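One chain, chain A, links the two complexes that follow: it is found with chain B in the first and with chain C in the second.
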Partner chain A sequence: MLLFLLRRLGVAVLVALTVLTLAFLLTRVSGDLAISIAGPNATSEDIETIRRVYGLDRPVWVQYLDWLGRAVQGDFGESYFFRDRVANLILGRMPVTLTLGLVGLCIALVVSLPLGILAAVREGTMLDRAVGIVALVGQAMPSFWLGLVLMIIFGLQLAWLPISGVESWQGYILPGVVLAFSAIPSLTRLTRSGMIEALSSDYIRTARAKGLTRFSILVKHGFRNAAIPVVSIAAVQLGFMLGGSVVIETVFALHGVGFLAWESISKNDFPVVQAVVLVLALIYIGLTLLADLLNAVLDPRLRTG
Partner chain B sequence: MSGAVVTGSARRSLMRNWGFLVGAGIVGFCAVIALIAPWIVPYDPFAIDLERRLVPPSFMEGGDPRNFLGTDQLGRDYLSRLIYGARISMVIGVLTVITSGLIGITLGVLGGFYGGKIDDFVVFCITTRLSIPAVLVALAVAALRGSSFMLVVLVLGLLLWDRFAVVARSTTMQIRNLDYVAAAWCAGVSRWWVLTREVLPNIATHLAVVATLEMALAILLEAALSFLGLGVPPPLPSWGLMISEAKEYMFFEPWVIIIPGAALFVLVLGVNLLGDALRDMMGTDLSR
Partner chain C sequence: MSALLEIRDLRVTIGSTAAVRGASLSLDKGETHCLVGESGCGKSITALSVMGLLPRGAVRETTALRFAGEEIGHYGERQMERLRGDRMAMIFQEPMTSLNPAYTVGSQMTEVLRRHRGTPRAQAVDRAAELLARVGITAPGLRLGQFPHQLSGGLRQRVMIAMALMCDPELLIADEPTTALDVTVQAQILRLLAGLQKDLGLGILLITHDLGIVARVADRVSVMYAGEVVESAPTATLFAAPQHPYTRGLLSCVPVPGKVKRDEPLGSIPGVVPRIRPGFTGCGFRDRCAEATPACAGTIPRRDLGSGHEMLCVLDPGRDGKAAA
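Entry: the complex of A and B
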């Protein structure tokens, strides 16, 4: 178990370092940063000044080591536009994004777990087919468009929910639903296939033979075993959701990390963009690590792998 | 096996054929439309007519029979733009699949075939790629380099190879020790021959399923990038860009965003249906 833990941790650190390097390269390879910062109306002297002030005239590897050294300590430099520490900016925006992600994940689980279980219990029937169609529709739905359509229906026509912003908790409902749509198909399919496998196993036959109630068989014996892969995919989906928050936060004008990234991208504020890419990647790495450990705890068979 | 099981599976395969027919119909229709777009559009999709802006579709109140789907905020014919938009979505989808397929299949087959250190490296690449927020990186690169059609293809191709690699790797692992591969080794053929003549053809169907999934994803991502203003540059009629440009008017004229969005949804649904049918025909479950 300890060996498994250390190995898994080592890989996570290595991946994190690679992402750090890629985040640095992202802004260096894609063009001359000084020209981008200076904007279209800058003279060549302006550009030279910017290059000196931001230390862009140093050799690339010096810049890299400098940046790496600071980033490891959580210092991502200063935003060109907001005139604030990047770390402060991200920390300030994080609650909105995390809330949105968790709301989205909760909605997704509340919808997909019962649907998946139901489809598994009634495998091959019309109900199963209907659930399959729901998953297909969810998979094909462009999230930004769904957001706009829901805004028109629930924000304007019915006037039940706010169109944008999160001044009240209702503001999280529409974006949460949209975000959930991206995770529902895979979670539903996984729950369904996990349940089908679990229900055909020997321990379910034993439980039936013991005369347990249907509910107890389904939930205590069936779902508990089907849940193992669902837990890890749910964690991974949360990571994807946070990464995809840039689109939904822009649509609904939620001032979270994704919106911050979008603002910074359009203002050529690269320290912020770099840092957001990095932070989201680190959260994803952390979540997958957590999922793997959780899996190892839930299912001892996985520890040796 | 009992009779009930047989009838059940027979019915299911029929049902899946239905999915296949619908999916193939949608994708085929879009492909044909995309190919012959210049000859079938009623108007020039770039022709601006400021006198006739936001004319509703002809079947709606206030519509004009001259513009079946109405006109956009610059008076351009919506149907013509929608047809050219199919072209953009299809081309981006296909080119992205080719680029990402080349990267992912190469990595996956090498990792699955050789195992050991090479495989560790491939798995590491996949893990790293998955931890990178794709939309964000695509947006950042587009902002830095200035967005263009080819850049979108390149960025999506470089970001969406992970599933190809995962599936190519696991399927290669499954067949690398099978008898026919061993027989090929015994026949004294080269490594290249085993990889291209024995391994690749036998994992091709699995890869075809991945290709449909990735194509659907690429089409959706292109639309999202264009919607955020950093995908296909205007005045090209990408469906995502059409939604973005019409967004200001959506509360007064909802059809301006419903039409391109519905087109996007139907095309992606068709591609996914096709993929599902393919997967079911092979009887393997690659969905996660």
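Entry: the complex of A and C
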């Protein structure tokens, strides 16, 4: 168990290092930073000055190590546009994005788990096929479009929910639903196939032979085993959702990390873009690690080897 | 005394296959009744019918299905749930996969008692430990906390048996309980079952295709072929004077020390068990039978040969000079 976790941790650290390096290289290959910082009206002396001030005249590997050293300590430099530390900017926006992601994940799980279990129990029936079609449609639906449609229906026509901002908790509902929609199809299908496999297994026959109730057979014995892959994918989906929040936060005007990313891209605010990409990637790596950990907790065969 | 289990004219249809076609058998308290036959002749389906565990899409009909004097053929799922694991228990051929990998042995064992008797956890754990010891598992306290993957196949089957005994059932159905195990472990498990039966007065319906096992443990044998019980008799009678051509064929496939002459080939039955469609009449064995006559395509009479010996065949009992007991 310990060995398994150490190995996973080692891989995670390597991936994180790779992401850091890529984030650094991306800004270097996208043109001369000094020129883009100085702007279109700068003279060549201005550019030279900027190059010296920002340390861009040093060899690339020195710049890399310097940047890496500071990035590891959470120092991503200063935003050109917001005139603030990048780390502060991201930390300030993170709660909105994390809340949105968790709301989205909760909605997705609440919808897809029962739906998947139901489809598995009624395998091959109309109900099963209907769930499959819903999953397919959900997968094909672009989230910005769904967002706008929901806004028009629930925000403007019915006026039940706010269409933008998160002044109250209701503000999270519509974007949460839209975000959940991206995860519901895969989670439903995974739950369904996991349940079908579990329900056809010998230990379910044993559970029935023991006279256990239908609920206990389905949930305690069936779903407990089907849940193992679902947990992994749910954690990965949360990562996708945090990344996908760039679109959703822009549509719903939520001031989270995704909206920050969009703002900085349109303003050529390199340090912020770089840091957002990095932070989202690191969260993603962290979630994958968490999924491994949860799997080990859920599956005694992994835990006790 | 009325029989513990009585099946009269059981018919099970699964899709376009008549899996069981009018099988009848009865089992007394404290008796071991062996159900033998090749794979695919309906033994397991018969057992699952009794437990109410038939696969989805299977249709069951009986004239009578009595358990401890009570007709259970019309029982719904809820009523069967209350019987299963409590008064009738079942163990299976696949000890490696029959336990849930996600729960400890203890949790899976105590669950039965908690479900049927509402026994408090601590007492249920004591009972589980006691039964693990009873089935010959050393250090039961340790085993209770272990997961199935930490146990060997033989140990898992012992756990399955102990789990089946949690509520002190009257009937234990064992579907090829030793087939997946090493020969030495097989012998231990069989001895264990025989011992439990003597001590607890269990009625055991043992499904097997191993005639060696039958000879050692059975009080009574029913031979199944293509969904029918073709011959049924007390064990000694069946081995001494088998009547149905299929029973004779089965027995000739098994080497018996002292009976088989050197250089004489063992018998075999040509062909395989056919898939019988609903509406089939006559003897299911006639295509493989060396003694088949035109009468075999008609309705086959069930014949009482005395002393509890019955067979389903048109041929004369006692032909070839072998007298019926």
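Going forward, the second predicted complex is superposed on the first by the 295 of 305 C-alpha atoms of A that agree within 3 Å, B and C clash if a C-alpha of one lies under 4 Å from a C-alpha of the other, contacts with A are read in each partner's own complex, and residues count from 1 in each chain.
Everything below uses one rule, namely that contacts are C-beta pairs under 8 Å (C-beta built on N, C-alpha and C of every residue); 3 or more make two chains touch, one makes a residue touch a chain.
Bear in mind that the values here come from a model prediction, so they are computed numbers and not experimental data.
S.K.: Considering only the touch criterion stated at the top, classify A:Arg51 as touching first (chain B), second (chain C), both, or neither.
M.R.: After superposition on chain A, A:Arg51 lies in contact with neither partner.
S.K.: In the overlay, answer first, second, both or neither for which of chain B and chain C A:Ala207 touches.
M.R.: Touch status of A:Ala207: second partner only.
S.K.: More residues of chain A are touched by which partner: chain B or chain C?
M.R.: Partner touching more chain A residues in the overlay: B.
S.K.: Have a look at where A:Arg93 lands relative to chain B and chain C in the superposition and call it first, second, both or neither.
M.R.: neither
S.K.: Go through chain A and flag every residue that touches chain B in one model and chain C in the other.
M.R.: Dual-contact residues (chain A): none.
S.K.: Within their complex, state which residues of chain C touch chain A.
M.R.: Within the complex, chain C touches chain A at residues 51, 53, 77, 80-86, 89-90, 92, 94, 97-104, 111-112, 115-116, 147, 149-150, 160, 163.
S.K.: What residues of chain B sit close enough to touch chain A in their complex?
M.R.: Counting only chain B, the residues touching chain A are 8, 12, 15, 124, 127-128, 130-137, 139-141, 143-145, 216, 220, 223-224, 227-230, 240, 243, 247, 250-251, 254, 257-258, 261, 264-266, 268-269, 272-273, 276, 285, 287-288.
S.K.: So in the complex, the part of chain A that touches chain B is made up of which residues?
M.R.: For chain A paired with chain B, touching residues are 11, 14-15, 18-19, 22, 26-27, 30-31, 36, 124, 129, 136-137, 139-145, 148-149, 152, 156, 186, 189-190, 193, 233, 239, 242-244, 246-247, 250, 258, 261-262, 265-266, 268, 273, 276-277, 280-281, 284-285, 288.
S.K.: In the complex of these two chains, what residues of chain A are touching chain C?
M.R.: 201-203, 205-214, 216, 221, 224-225, 298-301, 304
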